[in-house]
Amino acid sequence: MSKVDNQYSAKDEVASVFIKRTFLQRTFITLKKAPFTAWLGMTIIVFYLFVALFAPLIAPYGEAEIFKTPYAPWDEVHIFGTDRLGRDILSRLIYGARNTMGIAILTTLLAFLIGGGLGLLSAILRGWVDQLLARFVDVLMAIPSLIFALMLLSIFGSTALNLIIIIAVLDSTRVFRLSRAVGMNVAVMEYVEAAKLRGEKIGWIMGREILPNILPPLVAEFGLRFCYVFLMIASLSFLGVGIQPPTADWGSMVRETGELIQYAQYDITAALTPILPAAAIGILTIGVNFVVDWFLYLTSGLKDEQK
Amino acid sequence: MHPILSTLIKRIGLGIVSLFFVSLIIFSSIQLLPGDFVEAQLGQARTEETVAAFRKELGLDKPYHIRYVNWVTAAVQGDLGSTFSGRNASYANQPQQSTARTVTSLLKPRLYNTFFLAAMTAIIAVPLSLLLGITAALYRNTFYDRAVNASALTTISMPEFFVAYILIIFLASIYQFFPSLSNVTSSTPFLERVYLSILPALTLTLVTVAHMMRMTRAAIINLLSSPYIEMAELKGLSRSKVIIKHALPNAWAPISNIIAFNLAYLIVGVVVVEVVFVYPGVGQLMVDSVIKRDIPVVQGCALVFALTYILLNLLADVISIITNPRLLYPK
Amino acid sequence: MSKNRENSILLEMKNISIEGYSDEVWHPIIKGVDLQIHRGEILGLIGESGAGKSTLGLAAMGFVRAGCRFTGGSVLFGDQDLTKMNEIEKRELWGTKFSYVAQSAAAAFNPAHRLINQTIEASISHGISKTETLEQEAITLYEEMQLPNPTEIGDRFPHQVSGGQLQRTMTAMAMSSKPDLIIFDEPTTALDVTTQVNVLATIRNIVKEHNTAAIYITHDLAVVAQMADRIQVLRYGNTIEESETNKMLKTPKEDYTKSLWAVRSIKKKENKNKEKILTINNIDASYGSGPKVLQNVSIEVPKGGTVAIVGESGSGKSTTARVVTGLLPPDKGEIIFQGQKLTPNLSDRSKEDLRKIQMVYQSPDTSMNPKHTVRDIIGRPLEFYHNMKGKEYTNRVIDLLKMIELDETFIDRLPSELSGGQKQRICIARALAAEPDLIICDEVTSALDQIVQEGILKLLLRLQKELSITYIFITHDIATVKAISDEVVVMHNGLVVEQGMKSEIFSPPHPDYTKLLLSSVPEMDPNWLTKILSSKK
């Protein structure tokens, strides 16, 4: 029971993990243990990506192709009917995946580029650079972002490019805060101090010492920010100041077919027409949220403590 | 000076500073307009005379800082300038004397409507989400917890207009319990106003409850994992005593922050919901004005929203400060 | 001990097993442990991190933390089995028959309530007595615990009193309901050594005086020797050995028990060297615009020797290291290294200067990048300072691994795949890779188990002999100082109290602070505490 060798050997000390696995093996094992919700989320995301990528092949008609009957009912020709101008709803839904998701992903990427870069820089440099950036972000965040976006769009006008830039800049404040906070947690670690003592340059410290250690929270945040940006763009389009026609986009589609909702008591399928793009938005967001939830649980082990 | 007082003063000072910068940003928005904007706004009424008069009215002939001071002074006194719309008509007739409506007169009744809706939502949403959040935290990892959590996550993922439309289909169209148009006016009696506002309030409630409940749950779980809670349990105190005497006094700060955060969120969520239900509030006004590019109105609305937002956050911080025993009873 | 011990059994744990849940599996923490405690007896539970001693201590009250569960055995208190009772029945016993004293008093007191209310809360809630009576009794207990202003201190909030006072208040809190058994869970571990003595003394007195039984949990054998009548040694959830304190100290049966005082058995012969490698002259230092944390500090480090800088928290010993490395430029004073003045600021130093001074930290967990493999960690200085590449690089990494008694099988591991001792060895190898002249070791053994500490210290001594490296050894542990140093610097409140050869420092006459510090370090002699206390009077 209590056998301890007199000869102490450092090699024989027991560490926690022994088995060496390749990245693929580990991914496979992790995936096998993933809960149902995570699987559901991943399936949704893959499906959406597939639809977005192959939209022209899947869609029965063109994005802005106009047919004779406006507000055509659901039938074999137009599975989900047509809209006010006689455009096929299903085709627009499929092209919408491409436009809506594409713009949201671009915006999120841009937000991470700005916010993540500045946040990390802030965390390492400290001092006045950090103070200046942090206070500036505080001010930007003192205005609710949807309101700020509305104001800026009213000035610069609602083009897709403006939309991407405005929302990316506004959203980068949150990315900045997160990457600065997690970056600081890592920047005070002794291994970063050790690298500084060794004489390493800031590029090495940022890229090799800090970045690999803050990747998990940043990846999770990317998912959450994507949802946020996606919903915000959808809301703006719904309000009529986002993505402009004739581009097929889910938010605008809800707006364009919104009045059909009144006919639910007569024809439920008509009322469902605006629900379809709205649901398309919601389902993707749920999917991403499920995956992020699981990812947070995996990487932190402290799922409950996450706000 | 008592540390509470100095902390409070610091925090309020910080609020004033951010208010200053926010007003600066909102003010600057009009300066960022493209050069031909004035001409474009005036449309048919565009003559050299009217353009000059309009520019003068916007103050574009004065230096920047003076314009800012004038604008702020006026804003503090409740004067947010005149709207752009309807200008071409009035300018054509009387270039010197604008008869355009003032932003304040437009904003005032709508402000009341928006706050009415927000208050109605808050009255339902705050107690409900605290109840759900706290019970979910107490019965963590039970079926109840999982169910509440999953539905919250689902609701959060939905755009507000989706929730609104679902409610309309079921509660206004198939079963016609409530109206889907919330066209309240200033003369609508109180009870009818409540009745008309039920669907928008319900939509906002669902969305805010989901957020607030999740945050409350996380905060309470965090609190319950403190060593002093374990200590209280090991003293043999009953579960309710542990919660009421040991968890609650330390929960005010996180909870007030969560409430403020979500009320601020509510103020923003109002925009979409007002548009869906054609509810005559500030949000709808702002969206209309954005589409018309009626900048003074947009500025006014943005100022109102930002002000509410800053004040709510300030209030939450003040509550955390005055309930902090470390500040209340300094060394 | 009375002869009819068998009749006076207060609590008996039979074959207790407990499992904990992590990484989605249940794994055993306590693997069938027996434990008995008699009325009025203090049982010392000793073991190193991961031994399961806290879990076992709480289990004695029938309590398991969230994420843990009983899987077998019984906890008999009288004729009741605590493992079979429901929460409500157990609550009747908690706070009346059992009390608990936690390790971190600062965290275990509710910040929102006054001390007196928390002290008597359990007794009030169980209806033991009237509030006024209990308050009076609490004041008496505060007196017994030698708290200052016993009548008023209860009106304070936890953040308004010091750590040592808080720990005593918690003991008073545990005594308030006059329990049969108190569990002390490392009550002095968070305290400085000079504070610890008094807290230990008051805890022992009060428990003895009230004839309360106690389970005293600690990792420090010398502490438990003062407190306990009987000692039970735990390791990995098993009992290793159990016997009366005197017997255990004189004739420990198991090798593991012996290894618990392994460090104390290393004795290095001190060497004197006139040649200095590093001289610190009249350094003042502060963080930002805060108060001075170093005042007029002057230290001399002989070439090829070991200087131990010893002091309690806040003494400025770690700050001294930061000044030498250039992380914290001093307000005044100079540092001479190998006859040359060092630039105060790290970023102005040459690569060569940086290479010559290396640092090893207290916690290998935070001083190695968790995403880098052993190869990257040891290899980076080779690449950075010596431009090594390819085969030469790999061979040198393997050489260094061998030097620290590991081998090439470790080269692709991540820090998370190493034990605590192995991690610290890798950190040492990283420092060696730079081929430094001076290594600053900041509490390098404090986070490690005794037997591992011994291994690390022996390794450092061997490396010094082979490579003639100079060490500055920063520590709060006197046993480590005795084991490894040639010269000793005693620091207190940012001042150097004295510096000299080890033999001089450890023999009288001492300055007041050194005397206090040395006399506060618990010794294995079970009568040490009694002697110290009587010598103070």
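Every chain is named by a letter (A, B and C) in the order it is written, and numbering of its residues begins at 1.
In the analysis below, contacts are C-beta pairs under 8 Å (C-beta built on N, C-alpha and C of every residue); 3 or more make two chains touch, one makes a residue touch a chain.
Predicted model, so just to flag it, every value in this text is computed and none were measured.
Engineer: So with touch defined the way it is at the top, what topology do the chains form here? Options are line, ring, star, complete, other.
Structural biologist: Drawn as a graph, the chains make a fully connected set, so complete.
Engineer: Which two chains have the greatest number of C-beta pairs in contact?
Structural biologist: A-B
Engineer: Once you find the CA centre of subunit A and the CA centre of subunit C, what distance in Å lies between them?
Structural biologist: Taking the mean C-alpha position of each chain, the two centres sit 45 Å apart.
Engineer: Distance from the CA centroid of subunit B to that of subunit C, rounded to the nearest Å?
Structural biologist: Computed from C-alpha means, the inter-chain centre distance equals 51 Å.
Engineer: Provide the C-alpha centroid distance between subunit A and subunit B, rounded to the nearest whole angstrom.
Structural biologist: Distance between chain centres, rounded to whole Å: 24 Å.
Engineer: So which bits of subunit A are touching at least two other chains?
Structural biologist: Within subunit A, no residue contacts more than one other chain.
Engineer: Send over the residues of subunit C in touch with two or more other chains.
Structural biologist: Not one residue of subunit C touches more than one other chain, so the list is empty.
Engineer: So which bits of subunit B are touching at least two other chains?
Structural biologist: Residues 225.
Engineer: Going by the contact rule at the top, pick out the subunit B residues touching subunit A in the complex.
Structural biologist: 18-19, 21-22, 25-26, 29, 32-33, 140, 150, 153-154, 156-162, 165-166, 168-169, 173-174, 176, 180, 214-215, 218-219, 221-222, 225, 264, 267-268, 271-272, 275-276, 286-287, 289-291, 293-295, 298-299, 301-302, 305-306, 309-310
Engineer: Spell out the part of subunit C that touches subunit A in their complex, as residue ranges.
Structural biologist: 24, 235, 238, 240-241, 254-256, 259, 325-327, 346, 349, 351, 354, 358-359, 361, 363, 366-371, 380-381, 384-385, 404-407, 412-413, 416-422, 425, 430, 434, 451-452, 454-455, 459
Engineer: Given the complex with subunit C, which residues does subunit B contribute to the contact?
Structural biologist: My answer: residues 225-228, 230-239, 241, 245-246, 249-250, 325-326, 329, 331.
Engineer: Of all residues in subunit A, which touch subunit C in the complex?
Structural biologist: 1-2, 4-6, 8-11, 13-18, 20, 33, 189-191, 193-194, 196-200, 208-209, 212-213
Engineer: Tell me, which parts of subunit C touch subunit B in their complex?
Structural biologist: 61, 63, 65-66, 87, 90-96, 98-100, 102, 104, 107-113, 121-122, 125-126, 156-157, 159-160
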